[in-house]
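As written, the chains take the letters A, B, C and D, and residue 1 is the first residue of each chain.
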Amino acid sequence: MKDKSFKVGDLVLLIDSRGKKYLVKIKDKKASFHFHRGEVRFADIIGKKEGDVVFTSKGERVFLFLPTLWEYILKMKRGAQVIYPKDIGEILILADVFCGAKVLEAGTGSGALTLGLLRAVGKYGKVVSYEKRKEFFEIAKNNIEKFQKIRKEEWGKLELKNKDLKKGIDEKNFDRAFLDLPDPWNFLEIVKKALKPGGILTCYLPTVLQVFNLVETVEEKYSKDFYLMGIYEILKRDWQKREKSLRPKDRMVAHTGFIILFKKINR
Amino acid sequence: MKDKSFKVGDLVLLIDSRGKKYLVKIKDKKASFHFHRGEVRFADIIGKKEGDVVFTSKGERVFLFLPTLWEYILKMKRGAQVIYPKDIGEILILADVFCGAKVLEAGTGSGALTLGLLRAVGKYGKVVSYEKRKEFFEIAKNNIEKFQKIRKEEWGKLELKNKDLKKGIDEKNFDRAFLDLPDPWNFLEIVKKALKPGGILTCYLPTVLQVFNLVETVEEKYSKDFYLMGIYEILKRDWQKREKSLRPKDRMVAHTGFIILFKKINR
Amino acid sequence: MKDKSFKVGDLVLLIDSRGKKYLVKIKDKKASFHFHRGEVRFADIIGKKEGDVVFTSKGERVFLFLPTLWEYILKMKRGAQVIYPKDIGEILILADVFCGAKVLEAGTGSGALTLGLLRAVGKYGKVVSYEKRKEFFEIAKNNIEKFQKIRKEEWGKLELKNKDLKKGIDEKNFDRAFLDLPDPWNFLEIVKKALKPGGILTCYLPTVLQVFNLVETVEEKYSKDFYLMGIYEILKRDWQKREKSLRPKDRMVAHTGFIILFKKINR
Amino acid sequence: MKDKSFKVGDLVLLIDSRGKKYLVKIKDKKASFHFHRGEVRFADIIGKKEGDVVFTSKGERVFLFLPTLWEYILKMKRGAQVIYPKDIGEILILADVFCGAKVLEAGTGSGALTLGLLRAVGKYGKVVSYEKRKEFFEIAKNNIEKFQKIRKEEWGKLELKNKDLKKGIDEKNFDRAFLDLPDPWNFLEIVKKALKPGGILTCYLPTVLQVFNLVETVEEKYSKDFYLMGIYEILKRDWQKREKSLRPKDRMVAHTGFIILFKKINR
């Protein structure tokens, strides 16, 4: 990770004494970031490094960090609903995304999973991502570029297409495919041709009837092409410690989506 | 991923018609793998590819695959309790492991997380992993080598040390550190020197008193070195579809460990 | 609760040093109960009271108790799948069963919920329960009588009918109705006539398509008769303490059934 | 349940078209209840019955109900944090509260569990409840009386005491005891004398260190008096159906308290 000092134009993650996070662009050195705990002068941030502390005009302590991917996803602009970080982590391990893999994604949405994939496939890998809606395509493109500018890593190669996957693709031999679409059953014909034997298809669906329709369609029409590995949902519970009290936080996210995985077979 | 045919000496993942998985080494072509659904002749497997089907002597269908990382972890030899795949996925995203990162781990245990880290940091990254117990060190070494032989990927560089981390390390400037040890509070002094400012420390603990002790120790002695990002637990629920029935499976893993994350600060 | 001593013919709950429970009938005073921790002589139990201790032939400690309702349910003979105690507790509060209520149930199944209802409605209340399958009717009858013999309480009045509820009922003005049937949507016509305005209908269903069909049917055909209060599922997580370790147990029940509640309206 | 018409002075539960609930006292027939969906004239409510519909001045549909116990608890005035209905249901079944039981409670808090107990023990049962804080004692008293006026049931007998349980009690032979106090370990000496052998003590604690301290104290000092039945937490997940979408709601309560149960023994 880059080790250099914050300068004008950088995005910095501020964390206040309550743990509240602000993703802020460092503007002119005479300007400031204002929030309810006071004013943070950009002049105080410039020249500081990751992990350093500054103080607001009200004397409140603020930490300076580069955002992690998940902190960035929770702050970035959303066109579509993003896939939550908790699910991205699980998807990457369940779908067995590896360094060097060639991956197909549709739709790009806001680019949250795309960023996770680009990181996981790394420098020798490639992500081809389809998004038919112009607006989301632009948002995703911007979200991805912005984070890749913040975090100089060995990112995978990206081909972002403002195109409907239904119209077909030329490429073949994908190692992995990801469908974050409301009707993945309509894309099985295309994916079955694009995916290598042994390759893995991951679908992400918010409601149970969609899950049923997907699995039913595979059973009825694609039982020689796809093998169901599993249907999963992930719950993440946050805990908090205060003095002698350790306990789960009061409320949690109860649902985001179901993760459904298939292996491509040659039956 | 390699595209070639299975041959003698390879490890192959067999999945039977009930979804039961067997990780089997292909031995002599005259030999067979026997299980309660019949006999699978290695001669039938040799020359086949990922995603292909063979049949047992009882006519049962069996799929041939290369194991995913998580399938391998659930089958590999265990010295210590492994970190479950569901937690590895979350840890990689929460700890923000990226392609090219330099990572410290202790203890190696059976090598499950190590494999996840080696994949995530990729070709330009590096994992330095400490395991003081000779027996576990050997098991982990073997587990890792075996999987890296199965899956030709752009793996990160590994330094596996049969040494107690408590005795200190020479290297510095780690981007990430992972402590899967019963008493991580005794390693904070070492980690604080090894980790870059802005770097992330992840601890994994099975019981709540350990979590309390860790966070209490940081609050009392290391509040100028570490900032608590969060305490998490992950629940994964598997669903099943049978005919018109879609429902969660009857039983699930209720607990593995708590994930506790800190950012290194310069206060 | 009765305070008297255990005697021949009584059912007694034995709990061994590992927490394992045995529901045992006290037979002849010369006989014994044998299990892997040794032999418990009935002569040692006779004359003892709830909460007392006896020792096996191997010197192991065994506690003597009257079973609670939920301990009994987990041990009693099952014809149909029982409604789990965790769900019975929730159903009784969510469905607002009160002392003195008049309650309709179908099907009786093994009688687990019936026992919960009989206790909740108490002496001035009444439970009318339908079970069309002769075999389950007999099992339930026996299960209920056996527990009522063990626990002398102010039980509600029970009318247990070996009859298909679909064939209709004469009675009206039920305060509460419970359908533990695979196709509750086929009983809405009958229940709507049997239930008081403001009364509550509770359905219990294991799969999501059943839940969908039920709510869809009410929305399409019974929107003037039933108001959906909610759809719920209950997860119960057991914890364990050992020395300084406090943590959830490794495994848990991940799913039993969905609880769906409606209020009877006059639209 | 009473079947009569709503009249001035009654409490009525209004449910609007979005499922939002309002517990409203019917005042003068010339007055109205105002909310953001319009005005409901009390004159329209008076004479109506449970399950009937009225319309607001904006033409919105509103259902009229008597509140269930859990709907009432969520609306009633809170001195202390109430025990959530989901936990009350589980506590009543786990602690095996039965019709006719004699029950001890401390502290009364806002009276939520007290109401659940009074209903469960029914006409021949009795609840003795201690609350040392005058303010909470008054709130609980009022909450209980108000609900008992709404719902004419076969309530158990209540002795509500504005007194610290630590100062001791005269009565003995309780079947069940409930401690919703931050330091239940300080009450074990008193409860052990008050509870019958075979009786059940239930404690309710929000944090894990409290759970640890309680169980540790019993193990060290009261192992001849109390047998640990279990430590539990309950998660309730709400689902929603909209058109063809069936899925869990977005957010849920992640934590309320741990339920710890002991049986009184004579060792």
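Assume a contact is a pair of C-beta atoms (placed from the backbone, for glycine too) under 8 Å apart; a residue touches a chain by one contact, two chains touch by 3 or more.
Just so you know, these numbers come straight off a predicted model, no measurement behind them.
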Distance in touch steps, counted as few as possible, from chain A out to chain D: 1
Selected interface, A-B versus B-D, where C-beta contact pairs are more numerous: A-B
Inter-chain centre distance, chain B versus chain D - centres from mean C-alpha coordinates, in Å: 45
Averaged-CA centre spacing for the pair chain B and chain A, given as whole angstrom: 21
Multi-partner residues of chain A (each touching 2 or more other chains): 208-209, 212, 237-238, 246
Residues of chain D touching chain A in the complex: 206-209, 237-238, 244-255
Chain D to chain B touching residues, read off their complex: 208-209, 212
Chain C residues within the chain D interface of the complex: 1, 3, 15, 49-53, 63, 65-66, 68-70, 85-86, 88-94, 96, 98-101, 116, 119-120, 122-125, 151, 153-156, 175, 196-200, 208, 211-212, 215-216, 227-228, 230-241, 246, 258, 263-267
